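Just below sit the structures, each encoded as structure tokens.
Consider the two complexes below, in which chain A is the common component and chain B and chain C are the respective partners.
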Partner chain A sequence: MQSYISIENLAKSYGVVTAVNNINLGIEKGEFFSLLGPSGCGKSTLLRMIAGFETPTTGAIKLEGADVTDVPAHKRPTNMMFQSYALFPHLTVGRNIAFGLQQDGLDKGEIKKRIGEVAEKLQLTALLDRKPAQLSGGQRQRVALARALVKRPKVLLLDEPLGALDKNLRTETQLELVRLQRELGLTFIIVTHDQHEAMTVSTRIAIMKQGQVLQVGTPSEVYETPQSRYVAKFLGETNVFAGGRADRSGGELQIESDEAGGPVRAAFTERVPLDRPFWVSVRPERVELATSGGGLEGTVEQLSYTGVERHYRVRLKSGATLDARRVNLGAESDLAVGDRVFASWSPQASRLLAE
Partner chain B sequence: MRTAATPSSKTSWGRRILIAIPYAWLLVLFLAPFALVAGISLSTVRLGMPPFEPLTAWDGSILNLRLNFENFLYVLTDDTYLLAYLTSLKIAAISTAAMLFIAYPLAYGIASCSPSSRSLLVFLVIVPFWSSMLIRVYSWMSILRNDGLLNALLLKIGLIGEPLRILNTETAIYIGIVYTYLPFMVLPIYSNLSSADRTLIEAARDLGCARISAFWRVTFPLSLPGVLAGCALVFIPVVGEFVIPDLLGGADTQMIGRAIWLEFFNNRDWPMAAAVTIVLLALLVVPIVYFQSRQAHTRT
Partner chain C sequence: MTKPSWFNRLSILFGLAFLYLPIVVLVIYSFNGSKLVTVWGGFSTQWYATVLANPSIIEGAKVSFLVAAVSATAATILGTLAAVVMVRLRRFRGRALLNGMLLAPMVMPEVVMAVSMLLMFVTLGIDRGPLTITLAHTTFTLCFATVVLQSRLVELDPSLEEAARDLGCPPAKAFVSVALPNMVPALVSAWLLSFTLSLDDLVISSFTTGPGASTLPMKIYSQIKFGVTPEINAISTIILGTVVLGLVAAQLVSRRAEQRGKRRCLKQFETGDS
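Right, the complex of A and B next:
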């Protein structure tokens, strides 16, 4: 089936540098889709190609089945919210929002009506006569959003839209964006390097590295079942051990790991061939620490308290480190630095990674 | 709590001295000469050295102050001066407009080049300053003469049958002024355009503007401070320009700079020359003040 937006074999090179390398993606109507990756991974270039600011070297971009690869930016039914907001400093907030509508040749009454609607939705009504220089960061962000939304684009592109906001305002605005997106039923594509932000707002996330998409999935899919060490480490923290000989009994695997210094249990999966190098990943919050019993033996090396959680760094007998976390439920920690501990987790908490 | 309002006395003295330097500069090199000229403009011409009566004289124990406004009345009512002022303003206005039309595309072109070729092109704009302005104006004389380079070229390619008379006409003044002052128009516009935020153009295109309408709706309005600075930088000195009209212009084009020179050196009428100067200054202060307030306005 043809996706609402389909990106086919898309590549972009600047001379010898390849920014985007043969990407295939399908984005459905009404999705809040994230392009997530570190800086320089090609996520912004991909977004700019969808907007029409960059011409792909090869490949095609289709919107509702129509090829828009060669349609110039000003004729595409997409609108972009820029990282710097790119508000026109010589125009008032009202005229900034009206800019795109005037360009479309709408009559004055209609323009006024639409500005009124979007201004009310984004609490900008009182600010329409101000210049951008007179606004706070959060207000500017809302004006940039209003200016793009008022055009009623088929796809709204957001390039690191919340990067300039402080942490509290950012969390608030993320929820606001999700609310708006649901209300309007629009398709949003957001570029971000903040995995927490991507998880919070998205219906699906594409994790990118060096111009390629490594994995696409819902936030829980990519977090719970990463397919590579890169994805596992990029989305939150994890412990990774190289796997050795694996014995299967029923649905469970007993894996020898020199790095972990003992056997590690995992659920069996067809996805990862065990006759080639593979790794086992376990999230710190799934690791249980006990002063006695079975599991990997080690010593508590560091203990940090973040309020919500306690973080433990355990030095295993093998020499490797293992991170564990416990949610703060009010009790004092029964573990102290230097204590001998045994780390264990359920087989379902282990993830096998082929690369 | 630290505050900037109560600096130590030592730094405040340093600050005061630093602030005092430009004020002292203005006082010695601008206000004092201006006061002298204003004084002379109100005195009466006489033979001798200096060629004007002092403004004050002691009559026994009484200090007499004699202010002669005749020169001003004459300047403001005499047709020759009025015409010279108008001619100067007209020539300055037309040549400023002509320079804007040439300089804007030039500055825009330079600003759109890659950073490495930009500096070369800016260098080329400045290169003419390395030779004396007088020499450059003299070379225009030899280019524009009846038997000069331009006419020789036009005759040779057969565009004209007999030499055009360009030298000693108003056209020659325009050519000279536009040539000489063009860099002063190019540089402020270039500096404005090269520091412009390019994402604003992308934003305009994203909102539906083709390249041309993005230029007129975003780039041009945002470059107006540069345009205004360029216009002020050329208009003001061109109004009082003396060398170019004197060397390239004809006897029938009387500009105010030349009138001042004639009063001063030919007629040795310093009070009249000073009065003409004061009126010219008043004419120029109006656009300067307008420009300053406009600048202050756009900054808020």
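Right, the complex of A and C next:
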């Protein structure tokens, strides 16, 4: 089935440098899709190719089945919100928002009506006569959003849209973006390096590294079942141990791991071949620490308190470290630095990872 | 800040005197009532009246201002195009060479430029006159205009034009409607700089002119052959005044733009990030 936006064998290289390397992606109508990765992974280049600012070296971009690869930026039904906001400093907020509508040759009455609508939606009505220089960071961000949305694009592209906002305002704005996107029923594609942001806003996330897409899935899919060490480590914190010999009994595996210093149990999966190098990972919040019983033995090396939770770093007998977290439920910690502990977790909490 | 020592004060004084004493003397003697240049005969503005009544001087001034205005306009337009190429196209074959070639006229001996332009006009069979002076002045002021415009364009966020294109504006129109309005102070100072440079040029004008077209500096130079008259002092003071006005205006325009930028930051700071 043809996706709303389909990206086919897309590649972009600058001389010898490959920014985007043979990407295939399908994005559906009404999705809030994230391109997530560290800086230099090609996510911005990919977004700029969708916007029409960069010409792909090879491959095609299709929108509703129509090939738009060679359509210049000013003729594409996409609009972009820039990282720097790129508000026109010489125009008022109202005329910034009107700019795109004027290019379409809409009549004055229609322009005014649509500016009024979008301004109300984004609480900009009182600011229409101001110049961008007279606005706060948060207000500018809303103007940039209004200017892109007022054109009613088929796809809204957001390039690190919240990078310049402080943390509290960011969280607020993320929720605001999700609300807007649901209300308008538009397709949003956002580029971000902040995994927390991607998880909060997206319907699906594509995790990118060195110009390639490593994994695509819903936030819980990519967090709960990462398919590679890179994805597991990039999304949140995790403990990773190299796996050795594995014995299967029923649906369960018993894995010898020199790194962990003992056997680790995991649920069997056919996804990861065990005859090649593989790793076992477990999220810190799934690890249980006890002063007695079975599991991996170690000592508490560090304890930190963040309010929401306590974070323990355990030095295992093998020499490796293991992180564990416990949600703060009001009780004092029964563990202190230097205590001998046993770490264990359910086989379902273990994830097998390929390279 | 440390207090300047007597040595500092003295060196400033000497430096300024070295630079400006001749000019001060010139301005003072332009108001000399005596016919003899070196003898003070009381305050008078008679030489200014003589200058304004001299048709040859007025004719020269007209040529000078026309040449300066036209060549400054041409240099600003060409300089904008050159700056766009240099700033927006970061990588292309021969970029370093082009950059060097754009700036070379700044340090090239004026006589060399003047001779080469004369040769070119003769070879091409172009009749020498106000047109050839204007062309030559455009050439030599172009590099100064380019430098001023280039430094402004570097600061200008390239995503402004991208945003305009994204909103449905074709590339050329995006430059005109978004980048140019934000370059106005730089355009004005590039124009004023080119204008003043053209106004006081003697060497290039002399080489590229033809019969009947003399700029003001050329008129002055030819009069000096018959001795320095108080009239010359008066014309020179007028030219000096015009040039100073032009430079001060250019300075003011760019400073105002700077302060507007500062106020912007201040305002942001006051309103806070909410």
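The rule is simple: the second predicted complex is superposed on the first by the 355 of 355 C-alpha atoms of A that agree within 3 Å, B and C clash if a C-alpha of one lies under 4 Å from a C-alpha of the other, contacts with A are read in each partner's own complex, and residues count from 1 in each chain.
Operating definition for what follows: a residue touches a chain if its C-beta (ideal position, glycine included) is under 8 Å from a C-beta of that chain, and two chains touch if they have at least 3 such contacts.
Remember, it's a predicted structure, so these values are computed and weren't measured experimentally.
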{"item": "Clash-or-fit label for the pair chain B, chain C on chain A", "value": "clash"}
{"item": "Partner chain(s) touched by A:103 [first = chain B, second = chain C, both, neither]", "value": "both"}
{"item": "A:346 touches, of chain B and chain C: first, second, both or neither?", "value": "neither"}
{"item": "Which of chain B and chain C A:166 touches, first, second, both or neither", "value": "second"}
{"item": "First, second, both or neither for A:123, with chain B first and chain C second", "value": "neither"}
{"item": "Contacts of A:218 with chain B and chain C, given as first, second, both or neither", "value": "neither"}
{"item": "In the superposition, chain B vs chain C on chain A residues touched", "value": "C"}
{"item": "Touching partner for A:9 - first (chain B), second (chain C), both, neither", "value": "neither"}
{"item": "Partner chain(s) touched by A:136 [first = chain B, second = chain C, both, neither]", "value": "second"}
{"item": "Touching both chain B and chain C, residues of chain A", "value": "51-53, 72-75, 78-80, 82, 84, 86-90, 99-100, 103-104, 147-148, 151"}
{"item": "Partner chain A, residues of chain B touching it in the complex", "value": "197, 199-200, 202-210, 213-214, 217-218, 221-222"}
{"item": "Chain A residues within the chain C interface of the complex", "value": "51-53, 72-75, 78-80, 82-84, 86-90, 99-100, 103-104, 133-134, 136-139, 147-148, 151, 165-166, 169"}
{"item": "Touching residues (chain side chain C, partner chain A) in the complex", "value": "157, 159-160, 162-171, 174, 178, 181-182, 260, 263-264, 267-268, 271-274"}
{"item": "Residues of chain A touching chain B in the complex", "value": "51-53, 72-75, 78-80, 82, 84, 86-90, 99-100, 103-104, 147-148, 151"}
